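Mind looking over this structure? Questions follow.
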Amino acid sequence: MSTVAPFVRVLDAPPVLARLYPRAVTSRPDPSADPTRTALEQRGVRVDADRLAAYDRVCGFPLRDDLPPTFPHILGFGAQMALMVTEPFPFRLVGLVHVRQRIEQSRPLRLGEELTVRASAAPVRSHRSGAVVDLVAEVGTGDGEPVWRGVSTYLARGASAPAGAVADDAVDLPMPDAGQPALWRVPADTGRRYAGVSGDVNPIHLSTASARLLGFKRAIAHGMWTAARSLATLDARLPQALTVDVQFAKPLLLGSTVQHVAARDGDGWRTAVRGRGGIPHVVTRVLPG
Amino acid sequence: MAPALRRAAIVGGNRIPFARSGKRYAQASTQDMLTAAIDGLVARYGLQGERVGEVAAGAVLKHSRDLNLTREAVLSTALAPTTPAYDVQQACGTGLEAAVLVANKIALGQVDSAIAGGTDSASDAPIAVDEGLRRVLLDLGHARTPQQKLKAISRLRPGNLVPAPPRNSEPRTGLSMGEHMAITAAERRIPRQAQDELALASHRNLTAAYDRGFFDDLVTPYLGLKRDDNLRPDSTLEKLSSLQPVFGRSGRAADLAEPTMTAGNSTPLTDGAAVVLLASDEWAEQRRLPVLAHLVDAETAAVDYVHGGDGLLMAGAHAVPRLLERNGLTLQDFDLYEIHEAFAATVLAVLDVWNDEEYCRERLGLPAALGTIDRSKLNVAGSSLATGHPFAATGARILASTAKLLSERGGGRALISICAAGGQGVTAIVEA
Amino acid sequence: MPTQPTDRYAQFVGTAPGTWLSSQLGLPRPAELRRAQPGKRVLDGPALVVGTGLAPLRADLADLLRAAGTDVLDELPEEAADHGGRLAAIVVDATGLREVAELEQVRAAVVPAFRRLAPSGRLLVVAAAVDEAATVAAAAVQQGLEGFVRSAAKEARAGATANLVRVRAGASAADWASTVEFFCSGRSAYVDGQVVTVGPAPAAAPAQERERPVAVVTGAAQGIGAAIAEALARGGAHVVCVDIAAQGEALAQVANRVGGTALHLDITSASAPAALAEHLRTRHGGADVIVHNAGITRDKLLVNTDADRWASVLEVNLAAELRIDDALLETEGALHAGARFVCLSSLSGIAGNRGQVNYSTSKAGVIGAVRAMAPLLAKRGMTANAVAPGFIETAMTARMPVATREMGRRANSLQQGGRPEDVAETVAWLADPRSRGVNGQVVRVCGQSLLGA
């Protein structure tokens, strides 16, 4: 699955998402573009305690010297966005749906480590509802030790993959076998708070008004917030080296009350956030190693 | 039938380095720090997944959301999630009082093992809303009809929106702890130089203890901090004596004497957490864990600092003679003394009154003075003036260090005295 | 699969254009190595077990592999058989070979099978000890097998390895079982072209292992040390994780995750040996496994190596280790009966390395110490072995200049760097109570590096 783009562009500064989103609306997709051509790299990235603490607060992790396994995603997200907006990209960003996320880490990253963040894309695959593309974020130490890798799978509904593209064969994650679910009241300002720590200022998360412009009834939670909040409940039980698969199902409307379930599954865990009638919003599977 | 009593063993302790408020741990909550301190203890003694009898800890500066602080911290640690926990709060005596509580349960056979401690953050202190606003918000919550809601809101005044920060003063006197201490220091004529010398000794002793590796099995670094950042290894008497006094510059203290208390001989606001592991001897033996010392007895006293003329931080001086009498000991029967350095003047004032025939007779009801102590046995690994003083954490820090000091010297007896807000003092005897 | 220290070149040649480009240019194409996973079998396909000469061990070898769930074949299967006729392993019992002419049997058995070796397949030759050969010819034949295996290792493709296990007279199947299993399994993924001698377990070894053995790992807070702690804990040990106090937070997290204990100790301090011995005696009733992993580098060319750089490296990497060994061996109760020492050396200590004269000296010294200790320990039923990692992808190696790093990665038969877990698995094999017959060995985890002997 890993790819290596022939061209690596080194970013001087972290991409500013507030500037990328407006461009995302106006930029024209180039259906013939090969997203795997370029990778973006940012060096000398350091996480300080303030930023980590703010993230931990919003997502429910205790403040430790380790970065939670979901944290590095926010380090790579800007570069992923920039890859989709500033480089030739086959799909329109508006309307791309984050359907799955995979996280692999060989150990937790640590506060104060000098990090290199790299974003690249995998070849487009065909999908029963359109086409999917994987945006890959890799975070390693400045020394060159790769530690964390995140694969964000985006679905472009109705789009078509190039001829000969491989088909996306992912299957739905099963729900955990769980007893009593926990109740979460998801505050209406969650999207703004997570945007504050992650920089992901996509209007669909910020307010009812801005979400309506894009066709949602109310603002919806960031998928990665929901996933992080869910994994935070496992906390000390999360393995050091792990693989997490996350499936984003139905959007979670902010201000609603949802159920959270978590259950052991062999050496690992399964968790899910579900709404009325048990309809899943987010399902995860955590495996050690 | 009452079960036979057994003495609680002190197995060991762990704390994170203490940090001056607003610095390294500015973003850490009390719960984060307590979690880190417990996790370090769990790692040191291999308690992963273990159901410890109970965890008792607390914080002095506590958010309303932290109503179950200790239990919430335990759930984030590597301890078994089936470990029960509860919060304790007795101001600066919290850590030691928590240890006494769990030691008593161990003594009674109700639990076999326990963790006691405390955590405090002056950086992450709770800020309360104005009392008027609080009432409005509560009424708003109870209101059923729009009219009731409107009525509640109409009582709101602009002044209600100013938050009320936590006050560092005694509710009944309006004086800060430093001002209270300054009065006692002036009454007892505690010289400035003696205070600065005590502060210097604290920094030197703590530096030496770090340098010889004493804290290698008592401290686990956190957020990149490896030693207490209040520690000044290069401090000198000249530097300390050049500081301007900050307490006792007005009021009763100033009427009595020149001000003597500076930032150098007073503890700064500090963030940190500390825990100590106690158990029955059998529990420790089964796990091949060391027994550093035993917590033998404890006494907590309170003084009437409001109307009775006692110093706010002098309750330890009252508790100790009761503790000595119950155990048939004299003040000189100890190998180590750990008197919490809230201020250098606190320690000196306590020692001063114990050697004062009149004070001992009239205030402590003793036939004679308790006498002096060998100062070379006092706070030998440094104390709060050098480490800093995250209120609730101090007791566990002192108890674990004391137990290790006794164990290192191959046995002996130590006296611990910790003063606390509200005119209270928690004292204990530890033996190895 | 977790993200591991992979390298971009390896990823690139895995892509279609990369494959094309690398084959056009004749560039190396590193394969993804089969590595052990919990619950996975020793071998994931059939093993061909052949005997040459008298082949006294053939039956035992076949039984061992069968017991490990492997389909054992006597002869080469048809191409159309299951797995496409691919072999997960070729195991040759050559212990009975005495005459030069008999070597032909090895050639004849291996040649047709070798090309059928699956990716990450194993060629394992079991031979006799050269110094026990009855005749000059027998010694020559047994020594000759080393050349055979080392060259085959260089020709093996797609992550396949070739290794040689020498079995001394008197060693039973129980003595060599763990070693044969290790070399067949994915645990030895990065061990290639190596020769290991197994003897009979010492008579003084304890009859029974403790239910939860105690292992000490120095430098356990990160990198290879943390990986070793994890591997030993997976094997059921209680791991005492040792590191300096400044690493305390990382150490606590490693200890909590492996269910062990954290011990803050500066191994170079004068009090450390006694403190560790006392800790092991009182807290654990003695240690079963001691892994000397803590190490530092202070690289400079020889002409720029000052006394400080020299002293600090020799102190941490060698002197402290020797003092600790002395204290543990002298303190009654610090070691449990049949304790096993595993000392981390380095390829630099075998082959030398530019800019690492201090480090290489210390790591060569470790090998000397292990060889000297082994016979002494054997009398007490204990063992000492050294593991010499080659290019392992860690923060430490990543500090090298790019050209040196790329060179290090590619200059071995597997054409890639190893992973910390490869070293850890090798340590775990040597720490296995069933490996008591392995003593005084130096095992390189280097993918058969071109450097060194």
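Which chain is which? They are A, B and C, in the order written, and residues in each are numbered from 1.
Everything below uses one rule, namely that a contact is a pair of C-beta atoms (placed from the backbone, for glycine too) under 8 Å apart; a residue touches a chain by one contact, two chains touch by 3 or more.
Quick caveat: nothing in here was measured; it's all calculated off a predicted structure.
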Most widely separated chain from subunit C, with each centre as the mean of CA atoms: B
Chain pair with more C-beta contacts, A-C versus A-B: A-C
Interchain centroid distance [CA atoms averaged], subunit B/subunit C, Å: 52
Distance from the mean Cα position of subunit B to that of subunit A, given in whole angstrom: 44
Inter-chain centre distance, subunit A versus subunit C - centres from mean C-alpha coordinates, in Å: 39
Subunit C: positions in contact with at least two other chains: 249, 253, 256
Sites on subunit B at which at least two other chains make contact: 36, 39, 78, 222
Subunit A: positions in contact with at least two other chains: 64-65, 236
Subunit A residues touching subunit C - in the complex, by the definition given at the top: 2-4, 6, 64-66, 104-108, 110, 138, 141, 143-149, 236, 239-243, 267, 289
Residues on subunit C engaged by subunit B in the complex (per definition of touch): 238, 241, 245-249, 251-253, 255-256, 259-266, 269, 271, 282-285
Subunit B residues touching subunit C - in the complex, by the definition given at the top: 36, 39-40, 42-46, 48-49, 78, 213, 215-217, 219-222, 226, 288-290
Subunit A partner contacts - residues on subunit C that touch it in the complex: 1-6, 8, 11-12, 14-15, 17-18, 37-38, 222, 226, 230, 249-250, 253-254, 256-257, 393-395, 398-399, 405
Touch list for subunit B against partner subunit A, complex: 24, 26-29, 31-32, 35-36, 39, 73, 75-78, 222-224
